[in-house]
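In the two complexes below, chain A is the common chain; its partner is chain B in one and chain C in the other.
This part shows the complex of A and B:
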């Protein structure tokens, strides 16, 4: 089975599970995990295909969440439109900031993107009039289509997996096009890409911006679903969580990342006794993955399939 | 510009810190000529190559390709002008099949936008691409390897795949950076034949080479560099007997 087919089947299975699972706690948990899946898919494009790192992705999720919430609360703009505007604004922001930043490589790029995430976090904390500071922001209207309101965990669960499907679809279309080919070339052999007509810098910036769009869109949905956001949901630790999910899942495997992201995003809620120690568990998982499946779950599956 | 010259290298100089890697080198490649650039290690051949392909900036000098000043073009635009290259240390993409690697050579020819990518409207492009890739593979007799990955094919074939990738965009000038390095006798023989067949199609070739025997067998004209300077230029037979060339290669 091709990776895209396998991924669509997996998403369909998650969708169908919504008919079986009755427990709102689990539905809620998996919905939040699905939002993380969208962020990690965007990160996959950047990290796994273009080979550029971002330690500030939670910042983009935050931008999407805050901008869309503020638009809806302050300016009474329709929630859907708010999410769309916020996502577009965030990707334009990423385009502008990515232009100089993506001239950097390796550690320098990691540091610069980390700083971007931190700056967004600091703004969210300190622009108290707009964001409510560390106490957070609330009062977002519920998402609705006509008279149909997404007012239960179940309704949102179905909806968010359909959104995941759309983002997966876009990812696969990109990855399997000549654009995706160029991204892989940039990842491995930048000079070869350049020599065969790939505008390397432009492509990096475009994919950075697109992955910020993924993140911001997930952030917007998160804000309207929970009805409450605060800066701590978008801090550096969250950015690192996303990176860990992408790495353990396999940076260039959308399928592997999907599974691992759902697992890693849900585990802290199931193993509540670990609460404060979760970062340690997360770190351990990364180390174990790096030792036993250095290319993540996706790489592991490809390797197994090559053997049998 | 003298008629018949496809590439004119004029007085190129390049420093790295205090080292003069290329020092006032001038020569030209005529249309439908196989020109070889030879010289011992560190002579500045690859540096000069990288200047021609825009990866390095020269300190001074000019490079004219078909009347156009190459320094006015970004490196990724050169392929559109009709210049294509291979690399000394093979630069195939491990995550892509041979077919996809060669298709990368056509990247600049595919006109499309993000919307058509997402809607999947570029299928016809991909069919064209595949057709061209298959054609060039048949030409170089590597069609058996189309769906293999670079780490599954022999070294000699990798070199041919690199050449196929450079050739698929139908360039007018092909730059080969040490195409014979690391090849065994049979593979070298095959490469030699391939280079002639490429030349027969009307493509001008500039190649860097170490191996003097290979060069004398395949080129119409040779430029010899040593310590960044051009020390000789001419027919293979002339150059081989030049005192300075022998000195550069053999020592005093």
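This part shows the complex of A and C:
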């Protein structure tokens, strides 16, 4: 089976499970996990295809969430439009950050994004007039299409998995395009890619900005779904959570990271008694993954190769 | 972070100051050595990316464990010198600042001596630039790496424990402090001793100024903003050498 078919089938299974699951707690949990899936898919593009780490992805999620909610609350802009504007602004922002840092050899991007994540967190906490500070921001309107309002867990559940499908589709289109193969070449051997005329710097910047778009879009949906956001949802630990999900799932395996993300995003909600141990568990997962399975769990699955 | 926390622990069970400082840095240095020996050496096909991820994971484990053992609260650590404050030229400040200043100067001097003037320092430099060539010349590169892991743990712990009376010991201070160190070396320029000191001064002074003139809640943001600005304008830093390679 090809990886993209398997992924689409898996997403369809999640969609169908919405008909069976009645418990709103589980629906809510899996919807939130689906939002994490979108972020991780974006991060996957960066990790797996550009070979760079972002330690501030939760910051981009937060940027998307805050910008879109502020646009909707203060300026009465349609929620859909404000999510789109916020995502575009965030990706332009990432472009500005990525441009100088990705020019340098080594992992400057990791440090720069770590700093950016902290800056966003500090601003979200302190611009009380705009963001509500650590008490959070409320009052976003509900998402709606015409007179159909996404007001129940179930409606949002179906909607968010359709969005996941859409983003997975984009990811596969990118991966299996000229652009994706060029990125893959950069990851394998940068010098070789360069000598084949691949504009390494430009490609890396574009993929970084795209992954920020994914993150911000998920953030916008998160804000309008919950109707409440606070800085603590976008701190450094969240960024590291996303890295754990992406890396353990497999940095260039969309299928693997989809499964792992749903599992890892749901587990803390089920086993709340283990709350204080999560950083350790996450850390151990990263250590094991980095030491023994550099391609993550997804690396163990042998997909039928697509012949382009 | 670990340096500060362990310092707090040893002082709380009344180990004398010098002994505890020694113990703390030795333990953390050994931890650095063990990390290299157990984890980094045994990593299957290590790439730059997987090693970064590995160290992030280890940092999470250490941080999480420290949180479980010492709790989420900040602990205060007693000052090293018997007197509270010193007055020099009419300026009065906590005596611990003097300890930090002197400690930093001694460590910087020692490091400069070891890295630039001893044979071992030159070997370390060579091993970082071209490990293959070094091993051809009969240098045990793995040993050099182990020692540098020990040294980085050791220095980090000394730094952590002498800053602890000022910053308090808390399970999550390490990362921000590390990032500030990174900012300072970016601003000053990597691989340049003068640059590191000037970068540290620029970062530190701008942090204090922004705390005074803008707001203390934005001081970290200002620091990181300066770092990003330098990356944007002159990625090699103020005293940049050619060590920063462009793609």
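As a convention for this text, the second predicted complex is superposed on the first by the 291 of 308 C-alpha atoms of A that agree within 3 Å, B and C clash if a C-alpha of one lies under 4 Å from a C-alpha of the other, contacts with A are read in each partner's own complex, and residues count from 1 in each chain.
The working rule: a residue touches a chain if its C-beta (ideal position, glycine included) is under 8 Å from a C-beta of that chain, and two chains touch if they have at least 3 such contacts.
These numbers come from a predicted model, not from an experiment.
Taken together in the superposed arrangement on chain A, chain B and chain C fit without clashing.
Once the two complexes are laid over each other on the shared chain, residue contacts for A:179 go to chain B alone; chain C is not touched. In the superposition on chain A, A:97 contacts chain C only, with no contact to chain B. Of the two partner chains, chain C is the only one touched by A:294; chain B is not.
When the two complexes are overlaid on their common chain A, residue A:283 makes contact with chain C while staying clear of chain B. Within the superposed three-chain arrangement, the count of touched residues of chain A is higher for C, of the candidates chain B and chain C. After overlaying the two complexes on the shared chain, residue contacts for A:112 are found with chain C alone; chain B is out of touch. When the shared chain is aligned, chain C comes close enough to touch A:47, but chain B does not.
Using the contact criterion defined above for the overlaid structures, shared-chain residue A:200 touches chain B and also reaches chain C. Aligning both complexes on chain A leaves chain B and chain C separated at their closest CA atoms by 9 Å.
Common to the chain B and chain C interfaces on chain A are residues 194, 200.
Taken in their complex, chain C has these residues touching chain A: 39, 42-45, 47-54, 56-65, 67-68, 175-176, 179, 182-183, 186, 215, 217-218, 220-221, 224-225, 227-228, 231-232, 235, 244-247. By the touch criterion stated above, chain B contacts chain A in their complex at residues 53, 55, 74-80, 84-85, 87, 91-96, 100, 103-110, 112, 114, 117-120, 122, 125-126, 129, 165, 169.
Residues 47, 51-53, 55, 97, 99-108, 110-112, 114-116, 118-119, 122-123, 125-126, 190, 194, 200-201, 236, 240, 243, 247, 251, 276-280, 282-287, 289-294 of chain A are the ones touching chain C in the complex. Within the complex, the chain A residues that touch chain B are 170, 173-174, 177-179, 181-182, 184-185, 187-189, 191-200, 252.
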